[in-house]
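In structure tokens below, several structures.
What follows is chain A paired twice: with chain B in the first complex and chain C in the second.
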Partner chain A sequence: MTRRILSGVLGVVIALVVGAIIMLIEGYEPLATYGALAQFSLGGIGPLTTTLKNSVPLVLTGLSAAIAFASGPVNLGQPGQLVFGALAATLGGLYISLPPVLEIPLLLLLAIAGGALWSGLAGLMKQAFGMSEFIVTLMLNMIADFFTAWVIAYPLMDRKAFSPMTPPIARSGWMPDIGPLNSSVLLMLAAVVVMWFVFQRWRAGYEWRITGQNSLFARLGGCDVRGNFMAVMLVTGALAGLAGGLVVMGGPHRFLKGLGANYAWDGIMIAIMANNGLVETLIYGVFVAAIQTGALGMELITNVPSEIAQVLQAVLVLVIVATREYAAVVFDRLAARRQARERAA
Partner chain B sequence: MDDFISLEHMVKVYPPRVLAVDNVSVGFQKGEIHSIVGENGAGKSTLMKLLYGLVPFDSGVVKINGAAVHFRKPGDAIAMGIGMVHQEIELISQYTVWENVVLGAEPVRGGIGGTLDSARAIELVRRKIDEFQFNLDPSAQVERISVAALQKVEILKLLYRNVSVLILDEPTSVLTPQEIPQLFAELKRLRDKDTTILFISHRLDEVLELSDRITVMRKGKKIATVAASETNKEALAQMMVGRQVIFTSKRTPHPRGDRVFEAKGLSVTRHDGLKLLDNVSFSVHAGEIVGIAGVEGNGQFELVNSVMGLAAPTSGSITVNGGGITKLSILERRKLISFVPQDRGKMGASLPASILDNAIMTHHRLEPRFSAWRGLVLNYRNARAFTDTLAKRFSVQMASRQSPFRSLSGGNQQKLILGREFLLSTPFFLMDQPTRGLDVGSIEYVHGEILSMREANRAVLLISADLEELFLIADRILVMHRGRIVADLVAEQTNIEEVGRYMLEGKITA
Partner chain C sequence: MNIIVGLITGMISGATPILLAALGGAFTFYAGIFNIAMEGMMLMAAFFAVLGSFLFHSWLVGLLFAIAGAMILALIFIFFSVTLNTDEFVTGIALNLFALGSTTYLLRQIFKVKGVFTSKLIDSIPNIHFPLIEKIPLLGPVVSGRNLIVYLAVIATIFCYYLVFKTRFGLRLRAAGYNPNSLDSSGVRTSRMRIQSLLLCAVFCGLAGAFLSLGYVTLFAENMTAGRGWISLAAIILVDGHPYGIALISLLFGFFDGLGLFLQGYGVSSQFTSMVPYIATLGALYVYARRNRERERNAL
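Moving on to the complex of A and B:
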């Protein structure tokens, strides 16, 4: 446990140093840049709540990927599931108007159903035709991408707008702010807690974990491997769909062109950084959101382009994964050398 | 007589803290057969790999003819005349015997960049074969020759490189009882031509028959080096295990009860028509241990898959307690069948999962006390108590319930699996090579537990490639050969020789 924290912190530090070296080569001031980055992401209530709100789609898609990878199914369809969730919530918000206490849960359920529908389709293809979910989810991403692009450019396009987007959803479907904090953050935290409980305490979660580690053992042990596969696909799709719904309901309140953008791919990277740990996904998700949020402000007061945040993010992923794997080897080797010296003496 | 090779104060720690070789000093003389014996994990293979330059050591000195040497890779050792044959055969199956032998050191026509001189290569290989009377055809394709012949090719590869020290890592583990004497005769001939043979084994009978001297290792330490003529099996076993070991069966007469398991006309046909399991019928009664002997790959795998529900048989039926199981799901079968697979890491456990997670497998579905809220949530309090009971009852040595399963030693892993399956309280027990890869102490323990299942009136089907094991604990021995059961023998009325011949030939021909 302490070792895991140590190698995580070490990874972040090394990544920041590498990032600083890149900035120095480019002729920028690393300390000032990091200072601005921190100031606009963590310095005060405003930046902090913005960072948290921005972390919602990252953490939820990260959670989706982490649970899928740790349970076996290679669900890489978070981008498609996210836009389908967003589309479902948007449709509900355009055509149904209820008081907020009913409207919000309804739109959230629609988002969850939209994501689960899209991942469930991939799951069915695997069950029925033996197609690898790896390739099917990737292909369904493309279909989802262009389908939603068509929907917002033709049937649902807002004639008054300059770029493809839908009209705004019903006001009662907006995620309310609680003081400076958007309530979508609370939903995200609730989702992490619930998923942790399902994964660590439920019988289904136990079977998912074991199946992810050794599916033959799980199968021989009497676990319902087929059923669990479908359940994991549906749950992880639902999480990505929820992310999409919250992006619409908490932010622009309509489906904009390019809404999915990179959230879901970032989420998959976060799951990889977190080694599929759920709590780690939350931590790294907020961390990445801080970098992305801070980068926009940083661009305002320094002459460093915000693209440096993307470079930093890529370096982080690589260095954190490398540090985790290599630290284990180094720790083991040090222990071995110590013991060998004792025995030889 | 001075030692030809001497290892002085060798230490090897595998990261993080597996002390594999603990300050071992031993000498080998020219032209002797020197066996290294010890239980699994005693460090015998590692010690030889240190000598061979395959594994770097942490401290110590290797001397040849009194001069210190340091091999950084096996190639250095081979250049100095030391070669090692590993447990796994590493040959290219599409190549012929001679192509495999010369590979990497081919005779070439026309210097660098020249062409392979096949005629000379064949001649050189044939000369080596004749010199050591190996009875091999240099032009035979490797995928068509027997395992014993493959092993000879491995040895020949080294002799071709003019090696004068041969290290053999458990070479008999892949051979049938009939093939072993021939290998031993060849090894003795090699020794008489002044080759030093270092023979790693844990089969004491073989070691006593073959060796001039024997070094015993236990838990990484050298216990003693003794002349084979001045020791016996009991003394060696005691040195190996650290206490007395009983080699005779503790099996006492036990009345057999009703029929529990029955297979009728079980067949598995491969897509090309080959019958992997051919009309197999037999039954196992309560309080009876039925052993299945046979060289691996003669239908045991298909039998296990059919019983466990991993693959459906092409035809035939299986019943447990009178009810057909061929249409049941695996979970339904597990209410009737306990199963110990041959490969712990692949089928019997999840290595990265905690010991607790491994202990409750199957129980979590079959026993209500492990779940709450109608099976939605696991009851971890009961799971923890169960894991502790299991570990205590089956003496599993563990750091904590939450440690990963892979942190356990092989023997402890098997005890946990055995205990988990034992506590399922099913009428029928299927065991596929339950002692494979275990040390003598653990094997003794597992055998004791299997016998106590018999006492508890459970029906046990034991698949094993180890004939001694079958004779120690089985009441009846069935022999499988090419997918068929070719003999059904009562343990008291047969012997290893007879079973061995059924295994190889499928029938007894006068």
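Moving on to the complex of A and C:
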């Protein structure tokens, strides 16, 4: 445990140093830039709640990727599942109008169903024909992207808008603000807690994890490996769909052009940083959200372009993973040396 | 008649970047690296091709810049995956993100634009005309007048086959993937073969990227590879890396790519025509999976 925290912190520190070196080469002041990043993402109630709200799709897609990778299925389809979830919630919000108590759960269920539908399609192709879900989900991402682009440009287009987008969804489907905090954050936290229990404490989660570690062992032990594969695909698709629904319901309240592109690979990236751990996914998700949120403010007061956040994220992934794996080797070597010394004494 | 020529030339242009990237990926495939960084390498190459061509007004410099750009990613890949032993899948994904982020960043930093950069100062890669062949009806306009990179891709396919299957280098390359331990014990370092395969991959992806931004069109757009690297990965997996098989599959994808553009002329909205190559990839995967299953059944 201490090892994991130590190598994680070390990785973040090294990554920030590498990022600082890149800024120095570009002729920017790293300390001022990081200061501005922190100020606009964590400094005060306003920035902090914005960061938390922006972390919702990141954490949920990260959770989706982490659970999938830890259980075996290589579900890289979070971007496609997210836009399908968002589309389903938007459709519901445009055509159904109920009181908020009913409307919000209904739209959330629609979002979950939309995401699960798209991941279920990939799962079905694997089950029925043996097509590798790795490439299938990637191709389905592209198809989902073009399909939703068509939907918002033709059948659901808002005639009054200048760029492709749908009209706003029914007011009763907006996620309410609780004080300064948007309630989608609470739903995200609830999803993390529920998934943690399912994954770490329930029998289903145990079977998924065992299958992920050794599917032959799981099958011989009596797990329904094929059924579990489908279950994991559906659950992870549902999480990504929920992310899409919350983006629409908590944010712009309509399906904007390029909605999915903003979160395309972030979930997978966060799951990789978190080494597929669920609590770690939450931490890294908020961390990445802070970088993204702070970058916009940083651009205003320093002359560093906000795109540096994307470079910083890629550096973070590489360095954190490399540090973790290299640190494991170093720790093992230290432990071995200590044992040898104790034995000699 | 013109429609057929148009479809075939469209097929060739669509196939070229996928073919080149897949040939590059085939080297790493044989060397036993799960390399998914072709997408990022192509994107880097496409950006640096425009940069080089813009700065020096020469497509040749652009081409060299493109290869250098892809090489940067290959070197990072080597550092993390071969030297530090980081997971190849993770490294590949991170590199693709890095390529997307850094090209977007550099586009803003160097050219001061967001989204798309184009300029009259960019020198595009020329089309090659063969005076005599051009006169042959039907065949002439297809074989002559294509982009230089297209002819390079044809040569590259044969070169790749020769290198992998007919040379000592190719034998060692395949051994690195097939049985690294026995290659190591025979005195050839597997890690060195893997490094060389990644560098070769960068050269090919560099050509592919340069074709995208200096041949197919003369501009750089954010994320302009649009999944072509992933399609090339699918092509490699579908034919187990065989260069001639890759050429065939690439032409098939190219055909669907061209078909999409062709349908657009008939009023099908562009969002649907853009889906066609990806749906074709799914179709190809289906055929592959079925063939695999039958083979397994016959083996029992």
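In this text, the second predicted complex is superposed on the first by the 334 of 345 C-alpha atoms of A that agree within 3 Å, B and C clash if a C-alpha of one lies under 4 Å from a C-alpha of the other, contacts with A are read in each partner's own complex, and residues count from 1 in each chain.
As a working rule, a contact is a pair of C-beta atoms (placed from the backbone, for glycine too) under 8 Å apart; a residue touches a chain by one contact, two chains touch by 3 or more.
Fair warning: this is a prediction, and the values are worked out from it, not measured in the lab.
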Touched partner set for A:Arg343, first chain B, second chain C, both or neither: first
Contacts of A:Arg333 with chain B and chain C, given as first, second, both or neither: first
Partner chain in contact with A:Arg203 - chain B first, chain C second, else both or neither: first
Partner chain(s) touched by A:Leu216 [first = chain B, second = chain C, both, neither]: first
Touching partner for A:Ile272 - first (chain B), second (chain C), both, neither: second
Touching partner for A:Leu16 - first (chain B), second (chain C), both, neither: neither
Comparison of chain B and chain C by chain A residues contacted: C
Partner chain(s) touched by A:Asp224 [first = chain B, second = chain C, both, neither]: first
Of all residues in chain A, those that touch chain B in their complex: 201-204, 206, 209-210, 213-214, 216-224, 329, 331-333, 335-337, 339-341, 343-344
For the chain A and chain C complex, residues of the former touching the latter: 26, 125, 129-132, 135-136, 138-140, 142-143, 146-147, 149-150, 153-154, 265, 268-269, 272, 305, 307-311, 313-315, 317-318, 321-322, 325-326
Residue ranges of chain C touching chain A (in the complex, touch as defined): 76, 80, 84-87, 90-91, 93-98, 100-102, 104-105, 108-109, 226-227, 230, 233-234, 237, 269, 271-272, 274-275, 278-279, 281-282, 285-286, 288-290, 292-293
Residue ranges of chain B touching chain A (in the complex, touch as defined): 9, 11-19, 22-23, 58-60, 308, 310, 330-331, 334, 339, 341, 345-353, 357, 361-362, 364-366, 371, 375-378, 380
